[in-house]
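In what follows, chain A forms one complex with chain B and a second complex with chain C.
For the complex of A and B:
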């Protein structure tokens, strides 16, 4: 190798590192700022002095948030939603995907088209709301996960993964006398852990972050998930809101408490990430050869 | 078989949870049963506020005082109108609705609300006693009353210009009394401190300075005719003045993008000397400022005097909330009885500011809260208001302001300053909802504010203002002005 190429290589690497460090920082720094704010005194936050380190250190905000029954209740709802929603979603999506991945299923193309149709067209907000209401789901906890339990996009990912498994496995199982259900649970699923873990993460994150569904269907305080609570916390201390609601202005939530709430709402899902992340790469590589 | 067993666990877990998820979904007490006293349960829709309306002590107070158990639901903080439409389109049952003016108008004209004339006549003696004649005007459409008006805290001003008094003293500057003096003061501060002296946020364009030019309210009575502030000739003078401040670096160039929190941040960190401050933000702003600069003091600048030698302040008295009974309610009589009982004199004061000696005390004829009991029990009381006793409530309400001495001092100083001047009430305050005005209001306000900011920042030449005005007129302004004046003629007769 000549000196010249190694220099340009170095330069390239340097630029690469620099670029990714910058990208990393742009996502990390707001978070650090939030952490600093949540530990700072309100006076320092109001006068905009807090950057990356807390000023006037205190932990009272966390005490306050963790004692707040509305926060705790919505945290409980979000955790329940993420667990139940993910479990149910994963189960339903998998048992939908498996038959669709088998060539011997009659009318397979039509079934697939029907599913894809729902991906492209939906009834719109008002008909959906009416449907949910007539089903008696409005203001009920299941409305948060039932309509989203089967996600066609996720289903297609799983289906493609199943199709990538060698046919011979299934044939030999059949010869040994295994039923379809047995084949799915004992052979196909254990080989599909990467994709299942990935989809589980998709579901969990989607359920954790969803606030629109709850905003539309839930007015009952008992069932509000965390994201809706956060949204309301932030909206109700915005200046437009306060201008119209002088009484609310007398009880605004200090910014440091808002910061602490946001952090506490983000932490749980952040902690799940690293444990599932290793499956990610294998799982989303749809249809690639399985080694 | 490590993988297999792991999978089995996951699946069992998934199935168990799915099953338990389905079984354990409770059916929450949706109108479950009545109470022992024979009064039915009522359902009330409220506007958004950050608390749990069914768990709040005020809900219990209302139940005890009236004998009605009420289930409360809140509109969401965002997209409230959309959600309301969904609920109404869906014939969701409510007995009482607390609505904003646009929401009220829409539902009333769509025929979703029950006319209340007869109900009030037969069941509403306390309602009739509590509400002033003028306020009924705002809820009457084609001679029919569709709601009980809730006017709130009476005449009060929210914001006023404040200044770093310690700097004023240091530079031996006197409080400005006219826009020209204000200009000189700002210039002197800029020279001495090398900062941009006046800051503000996007929604504080008007106010003190505009009022000194005669731009007082959204709607103004000029020789018996209603003019919108966009068409006032004084608007151009105001814009010229603001543009002068802007181009000489006396007005924060980030004003169009500042939030009010950002503006307060600049003021309390010493990067600005003057700001239009709302009294409800005053105590936190002052605390932050004094923390940063222990020697700092805040002075309030009295309302500026205009060319006519008077200081004028525009206020809006509009009905804030409309308490309506939807047609779909099956318990309209009970609903009106509940509303009426809540306005009974002794019950009303209890619901508003609690019991004397427990929640509030009276000193020199003023109501003071007893803390922390007042906060424990009554913080959210105003969300539950369904119409107020308009003769007494302004005095009661001030107990809330007196929770914090700093807050109180700003509130009282602002009101005192305003009282010295010439308080001009927006004539549209008492208007019933007018179709063209409600319909266009949001769009026109945004159009005007955006353009005004451009003129102030010099991005547009003021010579074009007339062109803008004709655009404003074409996009619904003319229609609004016409219908507003048609209404105005009917009352000024």
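For the complex of A and C:
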């Protein structure tokens, strides 16, 4: 009896491990394929021979992309957007979350309801577009980060985290005569680094990845962020957009250029992600699951 | 005496309330001050567009503005229900949404349960790191990856299919498989990340319950059925009600980067339709009506879902 159970458990475990290895491969193989294509020669890519390893190794594709002024300009816009957007978003979201986490705040319920309502109901695309138009924000860089500066979901995560901090710290600070703002900045915030790091990562990723906002509001080439540039690059795939531009001597193809651009756009996320992982797992847990 | 004091009490209570409020605001004035930017932000960027919904009931003209455009009542909504275009788009939205909920809602729960059975922490953490990753990529990039993997010229999927003797498929141009592409790619991107909440919920289950069950001779399946699943049921419910709110969203940002005119027939949803007709054709009033229809249904579903769950399961999200 026990032997039988342990055999079926062993079989289950084996299948389970195998399953997750397959899931892992399914997630990673598209990247491996893309890397291979970005380093492969024109002939190998066009004939569709490249699988998981580069064929006819070359680095000309990357040279091309990294010299392309449109790519570089959109990259610069995205970096600026991620930095400014994250800083403003984190600041505004935190100073809003703090009062809402204080039980003594009169009218707290109503304020909260006002925020949560906007998660459930919105004016929709067209009224929002017309508002931006009326505010004169269309085709202006701030339209990319201003309307997204307070994210109610992120605000609730921070608020829940603040609520979980021990009350005693604050009370003793209050007895010493510290103001609420003083308490926030010198006691609460230093204790909240995990959740702040998480939310900063969420903001940065959201701004880095957003193509929709820029597609709606930005037509000016100078302000286009990386994702919009990439989208146009992918849609125009084998069209004139690239064919005219690619120098034949570089030994590369539109497909390789797309591959290299996608990888370069993903690189910043791949670089910060492993370091922040332990924070965001912890941060999300504390913030979203309250039993 | 009673009747004489009663009318006196009321103004006093009111007075007291105002006094208490004034005292509170005076004591915590800096808390209220911190809240001001957030409230202004909400009013400007969230509530002002809600006022803009009025243009669904007007013949809006951008040169006349909100106030000068004439009221036309339910005209645009009437047009909406009589438009074959809209009915078609609505149908697509519902089909894609239901496929996504039906397949992609249970999937993370299943993956989390299986992942929870893995005892080697190093392996578990490595898998978690890998499966969270696609969540951090943009739809533009995921779309690029899928176009590449599924292409009929050298795409890995078609090559693998060729090896087992199948004909190549143009996934992005074929009306019969394109919805499958949408659902698979959404699953590829978000399933791993969605497990995070369930994995967190496992940690809140009292380990003593498992100990007791083991002593009573319950095997893994029994423990799963009688402890783990009931333990995470509230979270499953919460996630489901939240999901209801986006039932008519169907993945606008995803579809906008993935679809093309060849597959409009099976993939044009409310969000993409509003984008094309609203911003492309500047048909502002009509597409606002379409958007309002979507918002109202979503809002109602969340309220109804919550009410039902409170009534029958004694739990709600508020």
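Quick note on the criterion: the second predicted complex is superposed on the first by the 257 of 291 C-alpha atoms of A that agree within 3 Å, B and C clash if a C-alpha of one lies under 4 Å from a C-alpha of the other, contacts with A are read in each partner's own complex, and residues count from 1 in each chain.
Quick note on the criterion: a contact is a pair of C-beta atoms (placed from the backbone, for glycine too) under 8 Å apart; a residue touches a chain by one contact, two chains touch by 3 or more.
Since this is a predicted model, take the numbers as computed values, not measurements.
Look at A:141: by the touch rule set out above, it reaches chain B but stays clear of chain C. Shared-chain residue A:83: touches chain B; no touch with chain C.
When the two complexes are overlaid on their common chain A, residue A:222 makes contact with chain B while staying clear of chain C.
Once chain A of one complex is fitted onto chain A of the other, the partner contacts of A:231 extend to both chain B and chain C.
Of the two partner chains placed by superposition, only chain B is touched by A:253; chain C is not.
By the touch criterion defined above, A:47 lies against chain B and chain C together after alignment on the C-alpha atoms of chain A. Once the two complexes are laid over each other on the shared chain, residue contacts for A:75 go to neither chain B nor chain C.
Annotation for chain A, partner touching more residues between chain B and chain C: C. By the touch criterion defined above, A:9 lies against chain C but remains apart from chain B after alignment on the C-alpha atoms of chain A.
By the touch criterion defined above, A:130 reaches both chain B and chain C. When both complexes are aligned on chain A by C-alpha atoms, chain A residues 47-49, 125-126, 129-130, 133, 215-216, 231, 255 touch chain B in the first and chain C in the second.
Note for the complex: chain B touches chain A at residues 3-4, 6-7, 11, 13-15, 17-18, 20-22, 25-28, 30, 47-55, 73-79, 82-83, 86, 89-90, 92, 152-153, 158, 201, 203, 259-262, 264-266, 268-269, 278, 280-281, 284-285, 287-289, 291-292, 320, 379-380, 382-383, 400-401, 403, 407.
Within the complex formed with chain A, the chain C residues making contact are 20-21, 24-25, 28, 30-32, 34-35, 37-39, 41-42, 45-53, 55, 62, 111, 114-115, 117-118, 123, 126-134, 136-141, 143-149, 153-156, 159, 188, 192, 196-197, 200-201, 203-204, 219-220, 235, 245, 252-253, 256-257, 271, 274-275, 278-279, 284, 287-288, 291-292, 294-295, 298-299, 302, 318. By the touch rule above, chain A contacts chain B in their complex via residues 41-44, 46-49, 69-70, 83-84, 87-88, 90-91, 125-126, 129-130, 133, 138-142, 145, 185-186, 189-190, 193, 215-216, 219-223, 228, 231-233, 235-236, 238-255.
Touching chain C in their complex are the following residues of chain A: 5, 9, 12-13, 16-17, 19-20, 23-24, 26-31, 33-34, 37, 45, 47-51, 92, 95-96, 98-100, 102, 104-106, 111, 114-116, 118-131, 133, 146-147, 149-150, 155, 179-181, 184, 205, 208-212, 215-216, 227, 230-231, 234, 237, 255, 258-259, 262, 265-266, 269-270, 273-274, 277, 281, 284-285, 288-289, 291.
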